[in-house]
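I am attaching a structure below and will ask some questions about it afterwards.
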């Protein structure tokens, strides 16, 4: 999981990219970077949050009216400085910078072929394969080379690419990852989430279409389409968990979707209880929907510590209780003697659910019914969501009844896949993590 | 505003104090400190968050089974390293450390008298006056000396004091600031908020009483009472805004109070609207109450950026729109075309309210009715809440109608003082910021 | 060991104090601080080097035309933030700041008396005793109060004191520690070493006299004298080891002294050898003198690593050889097959000497004759030099012959005390570390 | 200018590489890096000193028995994180890491050709060209591929290369830059300077020969030779200025050379004077030689501040005098009234010489005769020494007489080129900076 931003502006772009990345910091906190162009490309990357890596004086040195940026969540490539993006390279076609959100499923084979041709990889991320293919096929016409690259790479990729004079936004033919276009006084903004455009004072124009190549330069903006059409397969987890409430992706508002999931779940799996308690913050919207529909009052029964940070000293094993409660402390006055509907957006490993339920019981909850506003996650993701291997997915190995037993809830219900689609009022989704029905064959075994 | 923690334990206390402070980090982010005792006193203080100042190796050097800690919010004393607490001093009575939450109203005169006696102040905080008085009157009996000190100092003070062998918790006769006692396997924990005790796996015993002096040592714990009785005057702002939802202060749960305030406000000032939108995070609980009572659906119409930090590069004047939205972005899909009840817990200067209302209108809200779950703040606080001078309090200089006009809401209603007391089901509060009726005459003009 | 600087200027003084401290950084690297006055006193202190604690923006916030500064070497008070200087206090007499170089021998008893009077000590350094006494006796006339303080305190103290309007320089009646006065275009500069004045473009006027109190304000500079006269007893170790080569203290240039010590030692203890090799950097000047006198060629036989810093990862026991050589690597081509005179300025514990001799032998030196340009250190210092307790002083427990045996030299000779005095052409020194003849009875047992 | 280290060990190599780099930190302070191999390659790079970038916990994560390291001095590639070394790449031949000291003169054309082949450069340093060529020509036999690469690249290069199983040391056919081999208990160490081997407790075996390719693996160490023979052309500046005194390069000890240069210069350009004063620290050895030969006494007349660091706040123009003296303060007592021979190792721009002479005159020197232990630098270096362009070389544009006039010395003499060769007792040097006679035609205009 990552986030990307691109800005084509009439003034220095770095600060806009900074605010844009800042807005989507939730998409990745491990590392970040900004590259700007003004005939040549200059950049800065580092480990940590946008506010940690970029200070006023650094931004002011990044001169250039075109800019791209990236926030990175730790994934397969490993936590390493070399893996920071944007990637910047010089090739016969000129300087190029690139930021990538998504995951290729054939990067190993492509990498191996490029190595056979004599290329040398300096990072462990699949995005470097895209950079190298792009350089290899660049013959003066960026659209042609991008199309050729798209004919080779398979998987999920939303890209912002920058040459010395152009900003290009690309979304893979399935549209796995979001990418939104906005304008502001003649400036162009693209971002993983519409909030970046809002915050920069721009207006949202539309989503970049699956398979689209949008090229922006001083004279014009032109849209091209990679000809091989695919079924649109936006990752459903963007709506369920990953994106901000104010994101609008492919025509669907995330908050609205989340509330509806809660409403539909209340219809599908009503349980008579005293209060609906969300797991903060991810369960809030679903709990609002569940409460609205079920008429069971909504109550904050878990209090979140707003200051939990990365440098927090982890409690030792003997201080285990601290570890559970330091992030989410049950609110005894709310839950004591109550029958509670605990509302969460998803269950992956099940360990947090188990601990929260224990914690609520200790605080006096009479019953804890867990309701989850998405179906059981039974299959791993190959397209950019950092779900664990199948063996660690609790729902991959256990029936719902068995999970209920393991985590200790009084009852456990998941939203149905039909419920999800109904909430979205669309079927243009990749729901492979629930169904195993992958839009592209991942061609690899676990 | 500050937070204090004290631990008397069978093992090293520093880590417990660390987690205790971490839990109440919301009470102060400017500086923090921990002092521990084991025959002699050792300490560490620094500017910044608990997680920034304390690392594993620093905690492990703080050996001692008794510990106290402090988090400090920037107030009158100025932002300076010297003003960090706990204060630690050596006097004829031995080593003593002290952490203070509150504000004295006669510290200037006391300071002046101590200077006449030849004492030298090394900080600009009123807590140093307490330290010096304590040392001056210490004659071997800590309770006696504390009582004498209490006969001199006037104002708000919750204290944790540590000698080389004792932990002492003190609360001023009015009980302006909270202080809670807990136990855990023979250990004692005191904290500004009960959550520290929860998180440390302890059980809440009771509040330290106004005027109480609780002395804990290896042999026993003894409670003494400063004889001059006063009307209990807990600061109402602890319940309205400052404390965590899971705090229980003087028998009243904060979350419960906040929800009730919303409910009572809905009765007092109902308005026909489409949705109730809280100002995150402070307006959440009140909005839940308002929605429950009014049956108007609760909806998240403002999205908060969870990563806004201190090192954030402030937008320039020309980027003003960014400054407004980067923290709270309106959720267009929720508010567009809607008549909105915007719910906040209090209004001090009114500037944020004005900007949020503008922002909601731009996002398409048809009407914005502002409802505030506390009365207008008309008088400054002299007891530890960092409200501005009277001239900057919007309600001190303007009628509610005029405020409505200034901030641009379609209607504006505050909860009545009766409503507040009803929600609390108690009248043991200092409500001087709403009424001007100070429990102690501040004896100074603004 | 510490260094102090004071500046009374027509412009902001902070930057001059910064460069002044920077020049005498060798006198203390543990912590540093600067205080400035312009009606009120502002200051900043921190652990580390002057260049680490002070940055451009911090200096620019320290407004004021009077300034004092301090660099601190870790001594008895312990390595702790609270022990940083200048100390700043507010008393009935007004604000006062103070920086101290030296060590009191009766601070414990004074401290105890002040505690009896109700004063509270917030640090563990004896300088706080001076601050408190000063405040206690301050009755409007700073000279009177300083004289009274001087009648109480015993030991070594060079002080720069700052009120809101005055800069005061004080040197104890024995003149243990240096303090030099300079002028520059109507500005006054005082410093532990004359180099600060050189670097600031000033001219050296004279040493502050033992027992002198020099008060500088806008109108005038006046010199007062504490009436009790004492024999001048400048610490001989300033000349032997501590001060820079360019220091002129009480009329004697340090470099000149060091060269002469080498020359006299060559006369006293000539040995027939091939080369004279200095221990860098402290043995350089003496080796030049020894070589000049003995006509044995001077050769650099040990190469110093210029980048050895505090954050250096210490070699483990199995990497012991690295630890010896990483700082000083023998130069095989110079020493191989040679009879070497190894020249050092002093021997305290003897451990470094032992290792260097081993190291030189491994590099092929045929003979290693150690020559030391000071007498054996047999007694601890109570006046500010951080020599270890008597039990760790190799010369306190062993004859010269025995030391020669322990450290493995082929011969070992120390400069005689007569030789030292001859080099200095003065007898106004404290040489108690060589003779046990303390100018003031330390009144305490080891 | 840079420094490189390689270790092939029986235990983890990272810490040895750390100490090795630490020893040659004077060769580059801008950035540093360490890569280790144990079937796969792991690395860490960063801006700053070795002690700043590497801490205990970082070293302990760098597992692997083979290691290489690099310290970088800022040169043409610009000061940028991406330019840190070692470079690490994955190609069809496997993982490879590389650290380079030197400068290629045909990197632009090679880079351009590789770009034509589709390769993408991610840094601006010429070392990346070597990495890419190596990968391109790697066909399983590392020696073959290195020989092929050597047939393409021209210029100065000492390299340590690491595959997952081998450590390879390479020195260009001219041997411009040094590279020394050592052993320790079956371990191999290569380094730019012999001191690394000394410090690690190893024994120096020999220099890597010009054109040599030394391959070390678990089974054996084998030496190969690139067949095209060239005249040995070791950079004379290594001996004059750059290397440590304890370096032995191609059979010549640096300190011995420097002393001899001083002696020969005294013969060539004797001047009757009172004292010989070295410019610290670079002029020390030459001054010792000059003094020995001329019988004019050696005296330290300039005192160096040992704490001048990178974070030092630069004096403003009005504080110009501070800037001159803060690093080197004249020692008035030594130079006053004296006729001084000022001894330096080289003159490049002449600005420092001018200021030092001014400064010595102000301190009372009667005469200042500048003697330089190398010839005038008239031509820029293309092989790795960071001399400025010709227009900034004072000797490129001015006669010796004119320089004497510009810098204000009473007389100025340089060592002759014959003198240099005599001191070295060898003619295997590149002396192009003095003669313009480049061992390889740099093929480019300034």
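By letter and in written order, the chains are A, B, C and D; residue numbering begins at 1 in each of them.
Everything below uses one rule, namely that a contact is a pair of C-beta atoms (placed from the backbone, for glycine too) under 8 Å apart; a residue touches a chain by one contact, two chains touch by 3 or more.
All of these numbers come straight from a predicted model, not from anything done at the bench.
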Inter-chain centre distance, chain B versus chain C - centres from mean C-alpha coordinates, in Å: 48
Length of the line joining the C-alpha centres of chain B and chain D, rounded to whole Å: 60
Where chain A and chain B are represented by their mean Cα positions, the distance between them in whole Å: 36
Touching two or more other chains - residues of chain C: none
Chain contact topology (line, ring, star, complete or other): ring
Touching pairs - complete list by chain label: A-B, A-D, B-C, C-D
Chain A residues within the chain B interface of the complex: 15, 18-19, 22-23, 25-26, 29, 49-52, 54-56, 59, 195, 198-201, 244-246, 248, 253, 255-256, 259, 281, 284-285, 288, 291-292, 297-300, 303, 305-307, 309, 311-313, 315, 319, 321-322, 325-326, 329-334
Chain C-facing residues of chain B, complex: 45, 81-82, 87-92, 96, 112, 115-122, 131-132, 135-136
